[in-house]
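Next, two complexes with chain A in common: one pairs it with chain B, the other with chain C.
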Partner chain A sequence: MTNNSLRNAFGGVLSFFILLLIGVLAFSIRLFSVIKYESVIHEFDPYFNYRVTQFLTKKGIYEFWNWFDDRTWYPLGRVIGGTVYPGLTLTAGTIWWLLNSLNIPLSVETVCVFTAPIFSAFASWATYLLTKEVKGAGAGLTAAALLAMVPSYISRSVAGSYDNEAVAIFALIFTFYLYIKTLNTGSLFYATLNSIAYFYMVCSWGGYTFIINLIPMHVLLCIVTGRYSSRLYIAYAPLVVLGTLLAALVPVVGFNAVMTSEHFASFLVFIVIHVVAFVYYIKGILSPKMFKVAVTLVISVGLVVCCAVIAILIALVASSPTKGWSGRSLSLLDPTYASKYIPIIASVSEHQPPTWPSYFMDINVLAFLVPAGIIACFLPLSDASSFVVLYIVTSVYFSGVMVRLMLVLAPAACITSGIALSQAFDVFTRSIKYQLPGVSSTNELDAGETSSTTAEAQNDAVKTEKTEETSKDRPSRKSKKKEKVQVEKPSTKAKAEKKRLLALPLEASVISLLLLIMLGAFYVVHCVWAAAEAYSAPSIVLTSHSHDGLHVFDDFREAYGWLRHNTDVDDKVASWWDYGYQTTAMANRTVIVDNNTWNNTHIATVGTAMSSPEKAAWEIFHSLDVKYVLVVFGGLVGYPSDDINKFLWMVRIGGGVFPHIKEPDYLRDGQYRIDSQATSTMLNCLMYKLSYYRFVETDGKGFDRVRRTEIGKKYFKLTHFEEVFTTHHWMVRIYKLKPPKNRIRGKTKKSKSL
Partner chain B sequence: MAISSTHLFLLSFIAFSVLSVISKAESESELVADLLALQSESKSGVIHFDDRAVSRFLTSPKTPRPYSIIIFFDATQLHDKSELHLRELRNEFGLVASSFIANNNYSNTKLFFCDIEFRESQSSFQLFGVNSLPHIRLVGPSAKSLKDESEQMDQGDFSRMAESMAEFVESRTKLTVGPIHRPPILSKKQVVFIIVVLLIWSPFMVKKIFAGETLLHDPKIWLAGAVFIYFFSVSGAMHNIIRKMPMFLVDRNDPDKMVFFYQGSGMQLGAEGFAVGFLYTIVGLLLAFVTHVLVYVKDATAKRVAMLFAIFVSFWAVKKVIFLDNWKTGYGIHGFWPSSWN
Partner chain C sequence: MKEMFDDQDLGFFANFLGIFIFVLVIAYHYVMADPKYAGN
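Now for the complex of A and B:
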């Protein structure tokens, strides 16, 4: 007995250190971006989050909650406090505050950069806890190790990628863990924790609707397949009541928590579970004969009530134009919806349906292991494992519709693959152990067996608990468990003998084991490669390798720095919306539109200005008080995502609101071109002029390296704009609006000509 | 006699010319009336044209004609070539036509929708200079030469089916087509029928559920369903459905050869997706088979053979996927070994 407990203690300590190392792995694999580039915030949205966090740390939580931002969407402004998911900001703000009160003076930027890697470590620990609840500690450790380096998750959580998903994936997994924990224990304590974890998830990410639909689905599945228990009730009912109340506290969700269709499933199942609970209660207090009578009564009444409620719901839902669903949710239910009706959603690259190589890129060899994990979850099927199956099935379907949801699939794939791998290792190592020459004494056998039997005993305990359905006498449960272990003890020898018969051939097992290890090694190589090469570019600093070494393009920060130091604090800067967040965060100047594309008309105004001739554009910009216009131009260095390549979107969006902008005017025979064949509208629009002004002076020919052609109009002068700054590689060009001309001069000119 | 004959000739000539002038004056409204009649005869509102109708309604009347005509060029013998989507486009065209007519209260005389079949009106095809399908053309009121002055609808304009066709029509004719009325998937009667069946069936179902004896209580069904959905998703079938990808392409250089695998990661073909999805799934299934089923087999040789088979197939599948992935995406995945190892 002491031997056994020593072994358990050793296993516990070992697991602890393995988990610690997994955390270190999860953190360090995400540091490639810092090592290869520098500690800098990435891309677009993170800059907004960074700016909000700065505001929070400077002004405090109440100011943040009521923040009206007048630096964006000039002259409209934007209410920030009520329109953001505050989870990420509050988390990073709290970390910063904690560190500072411990006298660790880190800057806000550093904290923001490293928030995502820290939460990846948390996420892998949460995965361990979740998988442990489902299939034991071994599977948990494997799953955690897999999650620590799954490329799909790395792509959203490298150091510097300071976006909602960074904390949301942890919140997602942790909420699921607490749900399963409640389901396995039936404890109200965990149920309450579960609601709080759900609240954190709602604070963090719009993807919380996945949770509030998946858990009701699982509850319904359990009820339909006859697995209802009081534990299920405790796991679900508090979550709906507390969770919905808490969710409504988040300003951006508010009454949506009870009014949109995304949440209706949970309420419907809430009703169903109460009906079912009532039926079970009646069944408990009545004799079988009386029960039959009661059942017919209850079912008929219940059906009527259900029908009435469903009818009301349907009427409510049908009265709203989109049937109460947001466009994105609808395109998940009907995958062809977006491509038919909402081109703006369909056009975003992360909303595309993935092809098979995307799966190999993002979850790599896990794609091979998942089916084995699914099957393992069915043998035997428990409440917890059925949840995992439901999770993987729904998420794999959603990921098939939108490549962005691969992120939600990744944890599920890691959990199922972890289960599959650990069971395979279990079988193969066992087969080897019992057939190795020299290992035959029963004594050693017994010692080796105990660890795995205890794990199984635990599982058995959970199982029997379920079948007996006697959660009334909770205090006696512990003693029962002990009893169980004792009952099992004498039979271990017989079991070991049975196991020996269940072994696989020795040499085949060895080969399989080696192949599985090779598969794991390939996974590691792939993940490290993906983290290092594919997913760590910050896109604010660019590099390129050529034969004469490494080139660094730091033009964006150069331009924003110039704006910050050379313009007045209240000057307004116009650019296409992609650069709005960066301009406000890095240059601290007011912008007209930004990446929060809430006002289409405003964006269309900027689009129209960019696609108009100089004078008309000047008038539009002047009416918006714009002082500077910023364009991104990649023609000199071959940076493909510049404004000329985005220009057709400006025309389309502009033309959607202002019909005098017509897309065909910018196309020659349906083709978008900027060479000498381009239309005169194209060659005279503001975007063309601002991008290619003086471009011919660089090489004498005006050869555009992105479009791979010589530009159409090479020599021209600007009448209403003047160039004030162009960065080193010409990637950002800033122009100033010329002051309005003196009216008197115009008059005198006219008189002269007369 | 001679005089009378010349008289007669003159008279008849005058009569004829007068008649023709009158008919000319009348014909505009007559033609429109005829077109309306033809339109009401057809089910979708698309008038079927042949060579005679083309000359009657398009070539002979003087410009400006009081109507525009939009023509769908059809060829029945090409209907079974799925890559042309002729049949679908023809349906969509019919939808635009019927929606247009319904939205204008069946009284619009400015625009008519027609189709021409290749076999029966080849000369019209020549007249319009159409030599490839799908082809949709708008003949405006003032177009004299059918070949040069009528407007062809671009590929892009019918890519988004009826909606984009309607946009094209609206932008060129300044007429409003209005919302497209698609027929509901289920007719009202069918919906009522289904609801009644469900209502009748639901008490039985609830009873069965409580008794615990439905198919839903069989884990094997759930298992098969779960694995199938997994297979379906990782094979990228959603991509194929949304993008309407064909199962395979015919090689352009060699029509007898078929292309099953498309190089480039943004796109995939149907058969390709299913093949790789199968490879993804088979490895997991074999692993599960070995760990959960094979251990219970008593016969040692059977175990050995099955395991070797599983190992071989899995190894081959993984290798194949890695190879295909490298070939398709062109990523050079490499390890980061210490530089002294090289």
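Now for the complex of A and C:
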């Protein structure tokens, strides 16, 4: 057996080397943003996480747990300790602390920027472990290589994208790995590790509800398909008990772990699995006749009790208006829910359904390798492969509801595609290895015994397994080989005792391998392109290429810098909620609303102020102690994500709480306009005025490059606000509230009738 | 500063590494392949 052990040793070293390279690739493909722009935190949410991490590193963990932030949601404030998922912050804080104690003085910002690429390397290794448990090491390596590069995951984990998903995807895959490992081994040790990994997932992301619903679904599937075993019990029951207890420790989850409907599935299946275990136990003790009697007795009594309990439960749950589900989870189950009832959830761009091209952009080649992988999971079906099938099916559904959840689809797609590709590689490499001219003697013996069909050196052997595997590959590429395989007659000449090598023809295998390498090359090139061009933009800095080179728009940081240096520390700044996190993090000023969007009424107040005429808006802002108002305006440079384009959402959200704001007042013939055809409500509202004040001075005509039209009202003065700062490209405009007029005692306003 | 590592170099490195890993994975399958016979 030395041949075997030598082969295993060589394979082990090779797989270790491959995993190392996969880690390097996962890290380096995410560095485009740092090389093309700079080492900076991206987008909006990461700025909040960065600010929280700064606080943690400065003040320590006890202060962090008890932190009440009074610089946001003024005058309400926000309990940070109880409303943030601490996993990401604690992870980055620990890394920073570890490095600093080793005398490597990296700044908090550097650690935050590079956390995501490091954890994506870990996620690739976790994918290797998970797929290895399902279908073996070869599939594991392929799946890991695919995950290192898949654009959907890259989009949320580039260097600088310091958000929950950076560590949560790693936690998700690792939890699934430990679950499958427990399922395969029945070891209580792995069951405990599974609960701890689940705890880390709960700390990191609200998407943990996906795990605590998918695993019970899988357990139920196993029970229903007759695959109940003690290993299934050990994999599931400790997870529910330990996992729920640990989940309740996280302040943001707390008692939600046992009270909200998202967790009920796990408890229901917990009861079911105990019932099933009990039934199997009784079945083992009683004789078949006694067992039948017992079953009829129990079923008749049990049904009555069950119906009573279910009726009570339904009455309890139905009495709450959302039936116990949170708004976001409801919108996953009923995709139209958010657009009907919660405009804030519906307005977020990440919550929109994806388009078809986004599937090919985000998972590319994997889109058609996934069905092949699903078939491969059925040949043969095991507990682990049924889990993979369930995972891919549910994640495909959820990704169709919300484009943000393409991220959860990515690992599933990589695992299934890895399984499919690995099977294909297996077949082809085996065909090549054992049909090379002058290889082992056993081969020649086989060839001599069975070459009754042809006198050629190749073996022509057909097996249904091979035909199925070839039919998995893309028809356009494999049509050549398919014809070859189908043309060969099923071999009836092979006798039962004679060993016949199952392999495809040598040249066909070589060509197929080359074609698969080309397929992989297309995938790699697309992924690198997506990482470099599509997903590296930090969105705090914008670039455009014109005939005189690269033009950089750094207006956001210019505005926040101005605020930081030209206003008092306690001044309040009002803007639309998109810019809240960035304002508190970079300008260090108190804001009224931010991206957490936890208080709809407060946001509606700001929206109403933006939609009202100047005086009413001034009143609202004055009552909130606001000193400065910030608007983002893209009309001069053609930046499409400005406040005028978001204005309709301000009207909708404001109108949802304050009925005097009516959306039709701002529309002309159902169309949203800002030109001369716009309604007077639109032309007089604060957003219009603050965006277009003095805009006509830029080109004399007031041509808005985003809306592609001249503005309606060109010359007007501001009565209650004064402009204090406009950035270089007019992208951010800051206004100060004029102080209230002094009332002079004794004199009343002279009326004209006097 | 012509020797600085720019985004084109990173793109080339990532492409090369990706395809190299792919080929290595196929080599791994080749090493670990064992013959399959009819009737097994």
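Quick note on the criterion: the second predicted complex is superposed on the first by the 628 of 754 C-alpha atoms of A that agree within 3 Å, B and C clash if a C-alpha of one lies under 4 Å from a C-alpha of the other, contacts with A are read in each partner's own complex, and residues count from 1 in each chain.
Convention: a residue touches a chain if its C-beta (ideal position, glycine included) is under 8 Å from a C-beta of that chain, and two chains touch if they have at least 3 such contacts.
Keep in mind it's a predicted model, so treat the numbers as computed, not measured.
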| item | value |
| --- | --- |
| First (chain B), second (chain C), both or neither touched by A:176 | neither |
| Which of chain B and chain C A:528 touches, first, second, both or neither | both |
| Which superposed partner A:31 touches (first chain B, second chain C, both, neither) | second |
| First (chain B), second (chain C), both or neither touched by A:361 | first |
| Which superposed partner A:502 touches (first chain B, second chain C, both, neither) | both |
| First (chain B), second (chain C), both or neither touched by A:378 | first |
| Partner chain in contact with A:392 - chain B first, chain C second, else both or neither | first |
| Chain B versus chain C as contact partner of A:401, first or second or both or neither | first |
| Contacts on chain A seen with chain B and repeated with chain C across the two complexes | 426, 501-503, 525, 528-529, 532 |
| Chain A - residues contacting chain C, complex | 7-8, 10-11, 14-15, 17-18, 21-22, 24-25, 28-29, 31-32, 35-36, 137-138, 141-142, 145, 148-149, 422, 425-426, 429-430, 432-434, 442-443, 446, 461, 463, 494, 496, 499-503, 513, 516-517, 520-521, 524-525, 527-529, 531-532 |
| Residue ranges of chain B touching chain A (in the complex, touch as defined) | 154, 156, 160, 202-203, 206-207, 209-210, 212, 216-217, 219, 222-223, 225-227, 229-239, 241-243, 265-268, 272-273, 276-277, 280-281, 283-285, 287-288, 290-292, 294-296, 298, 300, 303-304, 307-308, 311, 314-315, 317-318, 321-322, 325, 328-329, 331, 333-336 |
| Chain A residues touching chain B - in the complex, by the definition given at the top | 224-226, 279, 295, 299, 303, 335-336, 339-340, 352-361, 365, 367-376, 378-379, 381, 389, 392-393, 396-397, 399-401, 420, 423-424, 426-427, 501-505, 508-509, 511-512, 515, 519, 522, 525-526, 528-529, 532, 534, 670 |
| Of all residues in chain C, those that touch chain A in their complex | 5-7, 10-11, 13-15, 17-39 |
